[in-house]
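In the part that follows, the structures are each spelled out as structure tokens.
Below, chain A partners chain B and then partners chain C, in two separate complexes.
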Partner chain A sequence: MSEAIAAGAPPLAVLSRPRAPLALPLLAGGLLLSLLASAMTGPVALPPAQVAGILAAQFGIETGITYTPMQAGVLMEVRLPRLVLAVLVGFGMALAGAAMQGLFRNPLADPGIVGVSSGAALGAVGWIVLAGQIPLLGALGGWLGAYALPAFAFLGGLLTTLVIYRLAGIGRPEAQTFMLLLAGVAISALTGAATGLLTYIANDEQLRSITFWTMGSLGNAGWEQIPVLLLLMLPTTLGLFALYRLLDALLLGETVAGHLGFDMRRARPLLVVLTALMVGTAVSMTGIIGFIGLMAPHIARLIVGPGHRRLLPAAALIGALLLVVGDMVARTLASPAEIPIGILTALVGGPFFLFLLLSRRVGP
Partner chain B sequence: MICRAFTPATRRAGLGLALLVCATPSQAQPERVVSIGGHVTEIVYALGAQQQLVGADSSSLYPPEARALPQVGYMRQIAVEGVISLAPDLIIASPDIGPPAAVEKLERLGIPMVRTRPANSIDSAAERIREVGRALDRSEKAEQLARAVSEKARAESERLNGLPGPRPRVALFLGHNGRSPMGSGSGTSGDAMIRLAGGDNALSGMQGFKTVPAEALIQAAPDVIVFTVESVAAAGSPQALLKRLPGIEHTPAGREGRVVVMDLLELFSFGPRLPDSIAKLGDGLRAPRLPQADGGS
Partner chain C sequence: MSLIAETLSVHRSGRALLDEVSLSVNPGEILALLGPNGAGKSTLIKALSGDIGADSGRRLLNGRPLEHWSSQARARQRAVLPQELELAFPFTGFEVALLGRIPHHAGPPRPCDREVAHETLRVVDALHLARRTYTTLSGGERARVQLARVLAQIWEPVEEGPRHLLLDEPTAPLDIAHQIGLMATLREIAARGIGILLIVHDLNLAAAWADRIALLHRGQLVALGTPDEVLTPERIHRVFDVRATRAPHPVHGRPWIAFHGLAAVS
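Moving on, here comes the complex of A and B:
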């Protein structure tokens, strides 16, 4: 496992010792199981046999299992796209969270720390409130259709990150990560104020939309989103995985990472941009789903230890697993109505985080 | 399809009623209806078709029995699978149903959906009753109801608009969660209700629902303020809510403490209760000084 460290670097023994060697296959298996369970669970009754029959029929296999067209429709048009969305978003948020906790060497860092979430919220709320009032925006919305809100959220997230990054660049080179953190706090406060102002002038109907957006939902999932999501997430995922050596080195601090041969002036923006892209994509599709990006890396660290070669995929798998299970609960608990998923993740995430703090097992 | 096998009891009840109520052949009559929107549910009940209802949204608060129906969530945030799990053969929805992705999915899954049109006049309210009646295959009953509602509403409106004395200048405010109340400008259903009830909208200078700055409110000089029961409940009392309106103490309404409190659905649903709502609002506007906390129900 010593290839986990950059070639020529002193071996970081603690990172190369494999812990829970079967963790990744087990997590992948768990995710698969949760997907199966989730596909069969929901307000509409869909027994395993029917699920199997419908899926087989998609591949042209005749099983002789009878199901109604409505059951097939629910599985193919409602549940499956939703499951795929949950997997991708959970995966991405957790991966980005692990990367940010690594960069900031801070277990409290969540993927929103570089301003993506607050910027995306500003973009989304701006769109909800102003689209009807500014003719140009209205015309643009007509052209973008259902993509208008995600597009604005995505742009808002990226632009905010860019501003924060530019501000951080003004600081001394060795203090730039620290500056990034502080600029993130300041700009998040500013975008929060702007969002607040927009919320203030919003009418009741818009307020409802804003509230639901900030609570997050996977309910809008459709197959047409999946290619877009994959297209944006695939390169960012590969990019973040490729940076695991850098993240390992950062465990020892930026100075040491520099000595190990990592150029932080190039590595830092790469990490920030990849994270912003990842989170911006996820948030724009679902609204704000908190805590996954914070929780999943912690759980992963408890299982596989701090080495990022295994921490990153483990965190991503756990994130996907958490969101799939969370969404299953959200769909069934108040059936036939749905609980916004963001409420559930916070409801579970808050106590979980406290538990971690109290048992003093938090730490990168 | 599955829905038939599900509900022999409802089906029988629906058929029985159909034979009683209308002479038209009843095979087209939907048996499992999900109602999305307060006004839709009110109309369904007014048409006596509540046995056909299998679910409603969270804004379906009237009549109170409707609250016992399975809830599919808020009308702008419909849960697709939740709706489907009720095995509806018809969805009757407010034009505000959403999100668009959910509506599109329901349509693609082949669940018939009828959407009512927005209404803020007596005629459009009557038309909505006819729309829902057609969807439920109760056109005749709906026609009677629509006519009765529009006749009564018109009569009430004419009576109130013909009252002697100056027309009261009215400012209608919505507001929840401790935010500053939002005034109902021109083009809103609040504006329409005020005029139907024989008043003038003091806030007609602005469009839509907006917060009203102190100077604008003083300039508007309303004689009466209208609040919703919901916002008064959130604020504690009409007086407490009045204090949230900057400049109110310099208006006739503020000096005399003239406040009318109306239920949100009563004011805005433009459904079968329209004549009563017009009468209640109009009489409230003309009352010299209303006893506080009217209509707490």
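Moving on, here comes the complex of A and C:
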């Protein structure tokens, strides 16, 4: 009997142990290793010593390691900006995915589901096709320069979010999340149709550009993107991390979150805008790279559990890791050609999604 | 100081779901809310917990109108167990109980929050579920873990005033042993100075365990008092449309109701 009690009723000390206490440092270490591996991989050979030497030289540290100017150029101008972009976009998409799954209380929610991705796609394609035909748009684009495409993609994502947010505000509080999901489905269909129409009237050159962008790619990475990305991502990341208790409470439903002391009329829009901003920013840089926001939080949940205090950083690190490794695979699988990363993540993510759907783990 | 409804009315689509209901949930008492389906029992719980607004009348929580308290201050003074609960994420039983401590800590849970969650799981006899994954539990097991969660929310006294617990049909998913176990647990909780308002459908369960009974019929409060005062055969006939006979319970002497058929259609 006493044995049964000992086995059945765990003492507080046992219950207080965190799940996988070393998960976050190990994931961070794994991410660093994957970054090094990816930096070394490609047509120009870059052994680890040379990577270290080139990086040290950037900070004015003389290591005595010899490398060619070619190696330095490839690392600093090609691989490194691309890796930083992969880390930031993977981090952001995964964080947005984790937050959205909490907001919708649906483990199958993906950033694409609220229609921000397709809205951003419409913005970008609209710019590509229409800039040459509408003088005002062309002038604005000329002034924005290299920022024009991300700016319009971001604008499209933001506008979609605002429309969806207005639609989702209709109805009773408990029905609003449901409305949000349905509005997302409808908006995705609409923006998809508009994007299709623009694709239809595009010329050959525009078509190639559209294809490159809608498939999702890290191929046009450059240092000039990074400050914009950091500027937009830093406040959103801190904001989402700060809301971990709200996200935990929301898993019990919006009414219960209210019972636990959260003012949902204020909390819901805040969460919606933060996640939408995060997705819009990430998508505007690389196009639609799907399923990172679905896969990373799932893997993170298996390791650290559903509590958002550790789930959010774990998911973000896994998202960055997934995109860095995915990009390395995309670059080397059909070398010297490159598989668009969006296609690769969909190839892996699609079956992953179906597996989740078929397994009973996702609940009712 | 208590939780009070003053001539509270709630209208939806021109119909009065609650029609000038006045009652108070006092510290240390179990007040059972009875009534047939659609009488407005859940509406009253939702209005008293602040989930829905009132069209007229007042709701007072410890001397102040409900809406004058911040959401967080409200959360420390009253906990609510809704009838339907969704949770599709793999928290452990202990983690679910710990969620009840959210109104008490600004950051991650403190050691004292863990102690409370552990204690409330023990009180509801669910400590053996502490390490189990919530999504794999049976309906009755989930109900007990959720009860531990709402208890953890109002476990220790707060300076704002007495605490209250609102429960919407907590006995519904439980077998008879756990129904009685739950009522005994609620007795202990009430003894800590917590005012309890609960919806039940079993008249005998209410008669045996409640201090007072509030009887709702078509949105109106038709009776409020001790089980002995409220549960008369005539009133049961009128409100529930069933024929009933009443006798003293052979063991504890409280009203004991036997039903014998639906009321005659006249």
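Operating definition for what follows: the second predicted complex is superposed on the first by the 336 of 364 C-alpha atoms of A that agree within 3 Å, B and C clash if a C-alpha of one lies under 4 Å from a C-alpha of the other, contacts with A are read in each partner's own complex, and residues count from 1 in each chain.
As a working rule, contacts are C-beta pairs under 8 Å (C-beta built on N, C-alpha and C of every residue); 3 or more make two chains touch, one makes a residue touch a chain.
Since the structure is predicted, the reported quantities are computational estimates derived from the model, not experimental observations.
Trainee: With both complexes overlaid on chain A, does A:N106 touch chain B (first), chain C (second), both or neither?
Mentor: second
Trainee: Should A:G42 be classified as contacting the first partner (chain B), the second (chain C), both, or neither?
Mentor: The first partner, chain B, only.
Trainee: Just chain B (first), just chain C (second), both, or neither: which does A:R309 touch?
Mentor: second
Trainee: With both complexes overlaid on chain A, does A:N220 touch chain B (first), chain C (second), both or neither?
Mentor: The first partner, chain B, only.
Trainee: Determine, under the contact definition given at the top, whether A:T68 touches first (chain B), second (chain C), both, or neither.
Mentor: After superposing on A, A:T68 lies in contact with chain B but is clear of chain C.
Trainee: For A:V256, using the defined touch cut-off, is the partner it touches chain B, chain C, both, or neither? Pick first, second, both or neither.
Mentor: So A:V256 only meets chain C here.
Trainee: Once the structures are superposed on A, label A:R331 by its partner contacts, choosing first (chain B), second (chain C), both or neither.
Mentor: Touch partner of A:R331: chain B, not chain C.
Trainee: May I ask you to decide whether A:D248 touches chain B, chain C, both, or neither, giving the answer as first, second, both or neither?
Mentor: The answer is second: A:D248 touches chain C but not chain B.
Trainee: State which residues of chain A lie in both footprints, the one left by chain B and the one left by chain C.
Mentor: Residues common to the chain A contacts of chain C and of chain B do not exist here, since the sets are disjoint.
Trainee: Given the complex with chain C, which residues does chain A contribute to the contact?
Mentor: Contacts found on chain A: 8-10, 12, 14-16, 105-107, 173, 245, 248-249, 251-253, 255-256, 258-263, 301, 305-307, 309, 361-364.
Trainee: For the complex, which residues does chain C have touching chain A?
Mentor: On the chain C side, the touching residues are 49-51, 70-76, 79-80, 82, 85-92, 94-95, 99-100, 102-103, 108, 111, 114-115, 118, 122, 127-128, 130-131, 135, 153.
Trainee: What residues of chain B sit close enough to touch chain A in their complex?
Mentor: The touching residues are 1-2, 55, 58, 70-74, 76-77, 79-87, 96, 99-102, 104-105, 108-110, 174, 176, 179, 182, 208-211.
Trainee: State the interface residues of chain A toward chain B in the complex, per the touch definition above.
Mentor: Listed in rising order, the residues are 42-45, 68-71, 73-74, 77-79, 146, 200-201, 203-205, 208-209, 212, 217, 219-222, 331, 334-338.
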